[in-house]
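Sharing a structure with you now.
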Amino acid sequence: MKKLVNSPVDVVEEMIEGYVMAHSDYMSQLPTNKRSLVTKKTDKNRKVGVLIGGGSGHEPGFMGYVGQGMADGVAVGNIFASPSPDPILEVTKSIDQGSGVAFLFGNYAGDVMNFGMAAESADLEEDIEVRKALGTDDVASAPKEEKEKRRGIAGEFFIFKATGAAADFGYELNDVMRVAEKANAQTRSMGVGLTPCSLPQTGEPSFEIGDDEMEIGLGHHGEPGIEKGKLESADRVAERLVQDILADEPLTGGDEVAVLVNGLGSTPRMELYIVYRRVQQLLNELGISIYRSYVGDYITSLEMGGCSVTIMKLDEELKQTVDHPVDCPMFVQR
Amino acid sequence: MEITAREFKTYLKNVITMVESEKDYLCELDRKIGDGDHGITMSIGFQAVRENLDHELAEETDCSKISISVGKTFLNAVGSSVGPLYATGFMRGAKQIKKKEVLNDQDVIAFWIAFGNGVKERGRAEIGDKTMVDTFAPFVDALEANGKGAEDLSTIFREAVTKAEEGMHSTKKLISKKGRSSRLGDRSIGAQDPGATSAYFLLVTFLALIEDLTQKAG
Amino acid sequence: MKKLVNSPVDVVEEMIEGYVMAHSDYMSQLPTNKRSLVTKKTDKNRKVGVLIGGGSGHEPGFMGYVGQGMADGVAVGNIFASPSPDPILEVTKSIDQGSGVAFLFGNYAGDVMNFGMAAESADLEEDIEVRKALGTDDVASAPKEEKEKRRGIAGEFFIFKATGAAADFGYELNDVMRVAEKANAQTRSMGVGLTPCSLPQTGEPSFEIGDDEMEIGLGHHGEPGIEKGKLESADRVAERLVQDILADEPLTGGDEVAVLVNGLGSTPRMELYIVYRRVQQLLNELGISIYRSYVGDYITSLEMGGCSVTIMKLDEELKQTVDHPVDCPMFVQR
Amino acid sequence: MEITAREFKTYLKNVITMVESEKDYLCELDRKIGDGDHGITMSIGFQAVRENLDHELAEETDCSKISISVGKTFLNAVGSSVGPLYATGFMRGAKQIKKKEVLNDQDVIAFWIAFGNGVKERGRAEIGDKTMVDTFAPFVDALEANGKGAEDLSTIFREAVTKAEEGMHSTKKLISKKGRSSRLGDRSIGAQDPGATSAYFLLVTFLALIEDLTQKAG
């Protein structure tokens, strides 16, 4: 597949360079590690540092969400690969204000190990209190009984947003983590893939798929889904995704939710809004009201085609976090 | 048999060559059940190790320090899942050969037992989870069972690598329980685990070194 | 090509429905014409109405730019087709506050005719003063000597932004149009296409292109470019695009510019930032400083692959317009 | 010859059928030099006209009102370039046949001359610009030259349509000067203009109606 790159080996470094150049008023790259980026804009109420991270190739995830109202810093991994402990540790040292740091990342073997090792070093070597909250929103990735095995996909956006807001509210680490965990517990996602992506180094499609097929419940690293199905209409896809989410966590009339219809990379907004339309119809039919919606490319898989639906059930506190303004290079909310 | 620091570095260079030639195959395996990058990750990691061997480690003669440095370099370059796994292997192995410029048979066996156990501890995977532990666990078992016996290193290691190979092949019929591929459930059956495969390559390359040295000595 | 749609015939209607549902706090659809959308948020200083429009399939262009700080309303056409005069006229009637309405649209035969007919009706039938500013930023679309024949592509984003800001400054129609025309005159774009898009109704790729080829100077309706070339590295592509822009309007050391690296639909942000990196390097080498940069999907062609570079030369007034905050469903700037 | 409102509607229905069957061909032509939608646009427009004929116009017997309504409906449904062009054609044509329930030869000729000139005025294109004007202009010229003569409508119209066809074919070798394809410059040479083609279809379908009616009368 075609890419606008120089050498595949340099894509991550060059992307970061371009990103920091384009948003020099927002971002700085730490001198200690070029994979460590921190914000230049922090709310003065904030005590607890918020660190996010993971593989690259998910832009705007994750570096796009560093800024006011969301994360203080990010550790950037290779494409679809967790960052190593070193850049995580450097960000941690840079953003800690003495009240500890929240690590937010998706529940993937690599991330668990690397962030775990960094957290250990932060504690032992730097005496910084680190707490971790893992995104596990993908209902397709494990059955309900093994919820702790689930992966994080687009729903991580809601976790970053909620946690960033909690930090801006001036909460202490305990409360910041309580909000992070609540946001994750209340958030569920389900995705569908139409076309694969390809890594710059191999150029090979990440999965084989027929012209009339779709991957249901796929991850956001170009992995195949849990099931291959016939390609269906936008309405049927929306129904399937919403059904799977509601089967996992039944919502009832009167509930309020935030909704994210996330594009995986190459799906036009036109299609995302067509999907959104049906999602809202379905929820409204059940008496569930949508407090706020997000439609667009929030966490992608390079140029993969398809989308996911994420529903976060809200209480008063989460509503406040949803409403909280944000100013990041790739996401702004007033 | 004795393995000098120089020969240990030769081993690492052989691994680098092997990784480059098996890169596409490892990606191909990872595409089936993971995110398709295992070969790339191994290549990025061992290219960084090559840099390391050529510069920082050029004059280093302490096998333990070499192993620590390789582990750290690999980890820093890749992160990912294999980063912490193999890095932990190299670090734990290093502990067994502290300050040694030359490794004897027992050192080698201790190194690899610690390496395999380190991977297993770091990943918290069990045998049958369809990971590189399916390669390392039977390999470590074989080394532990035969390592103190009378046979020569070459024979002991060859047997252990045969077990590793069987372990690697066994991943084909397994349902993944750990790592990226676990989401696939039944759909993961039939595909060989990429990490189990690269692990086997690491071991079989070491076997080749031993056999090479044995031949030269013999 | 695969699409997440229901019937291809309904895509535009359903997209608009989903859009208005998702952003009901921002947008309303006029009862008189379902292709007419107007903002619910207007700056109280604004006297002059700003109307944008064009074909759909360019999302966020154009409906995504209706809101505070940009346009008051949009007329939505079929995919890659100008809206007809009726929805344009309805929006005009709705947003006019008695001080006239600015029509902003790209210089395409269809748009010129339809917006022209609507402007005539607004004048004759409704007694509303309408002035038109056409986007002609695409340097590839005609030689310098026939500048009035040039098409509008991604640079229209800068025109919308500048004109919206001018309206918020409380300017009268004359001054609003002066700013619109200045913004257009100072803005140049040049694009490159790697992969085609396809219309939902045909599913056919919009152009044939080899695996190692790119279309240089292409439009944003999936049209072929002015020239086919070998696919080159991101740096070489950036150099070519910047060169063509500078050849058209030489900039000199000390000049200040706004830059937009725009994705055409399926090009990952990673690649856009790699292109941006080289663009900034080139401009900085010439002593040109980048006052503000935008990198992302601003005006797309469905799922087309590729990007364009836009450079707007700034004076003090245009800088103010660039800095002016915006709050639209698909674009927010603080 | 006389053409009733009912027959005028039959003509429009024949156009609808023709557009559906030529839709892909028109898109194919537009993909080469434009944005690939010409067939779709024609189809959307004439499907709206079909609705219109089936409902609002079901009882309408004034040919002028039918033509106005068709023009407006087409325009509202498509916008685009052809929307204003064909809509203007239908509106200007309508002016020539005000309040007529039956069209005679001179009405038909006047209608089509006004139609063609309307398109040209709206688009401000000249002959040779590679647009539908290359179809309409020679067609209008022929009608103007022969329209007042003694030949029957069928002969006059056939000759004019032959000129239209030549005009359509002439677009192949032209460089586009107007519309979307003009950006292509030399790259537009070799491709036939989609609008010139749909214009020819509009005309040849009317010719078929005339010939059909002549045959029935004869």
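Which chain is which? They are A, B, C and D, in the order written, and residues in each are numbered from 1.
Rule of thumb we're sticking to: a contact is a pair of C-beta atoms (placed from the backbone, for glycine too) under 8 Å apart; a residue touches a chain by one contact, two chains touch by 3 or more.
All of these numbers come straight from a predicted model, not from anything done at the bench.
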item: Chain B and chain A - chains in contact with each; value: none
item: Label of the chain whose CA centroid is most distant from the centroid of chain B; value: D
item: For chain A paired with chain C, centre-to-centre distance based on mean C-alpha positions, whole Å; value: 29
item: Distance from the mean Cα position of chain D to that of chain B, given in whole angstrom; value: 75
item: Chain centre separation in whole Å, for chain C relative to chain B (CA means); value: 54
item: Chain centre separation in whole Å, for chain D relative to chain A (CA means); value: 54
item: Numbers and ranges of chain D residues touching at least 2 other chains; value: none
item: Junction residues of chain C, two or more chains touched; value: none
item: Touch-based graph of the chains, sorted into line, ring, star, complete or other; value: line
item: Chain-to-chain touches, reported pairwise for every pair that qualifies; value: A-B, A-C, C-D
item: Residue ranges of chain C touching chain A (in the complex, touch as defined); value: 2-6, 11-12, 14-19, 21-23, 56-57, 59-60, 64, 194-195, 211, 214, 231, 233-235, 237, 265-277, 280, 293, 295-297, 300, 302-303, 305-307, 325, 327, 330, 332-334
item: Residues of chain B that touch chain A when the two form their complex; value: 24, 27-28, 31-37, 39-41, 43-44, 75-85, 122-123, 178-185, 187
item: Residues of chain C touching chain D in the complex; value: 9, 55, 77-86, 108-110, 113-114, 117, 138, 140-142, 149, 151, 199, 201-202, 204, 206-207, 217, 219, 221-224, 226-227
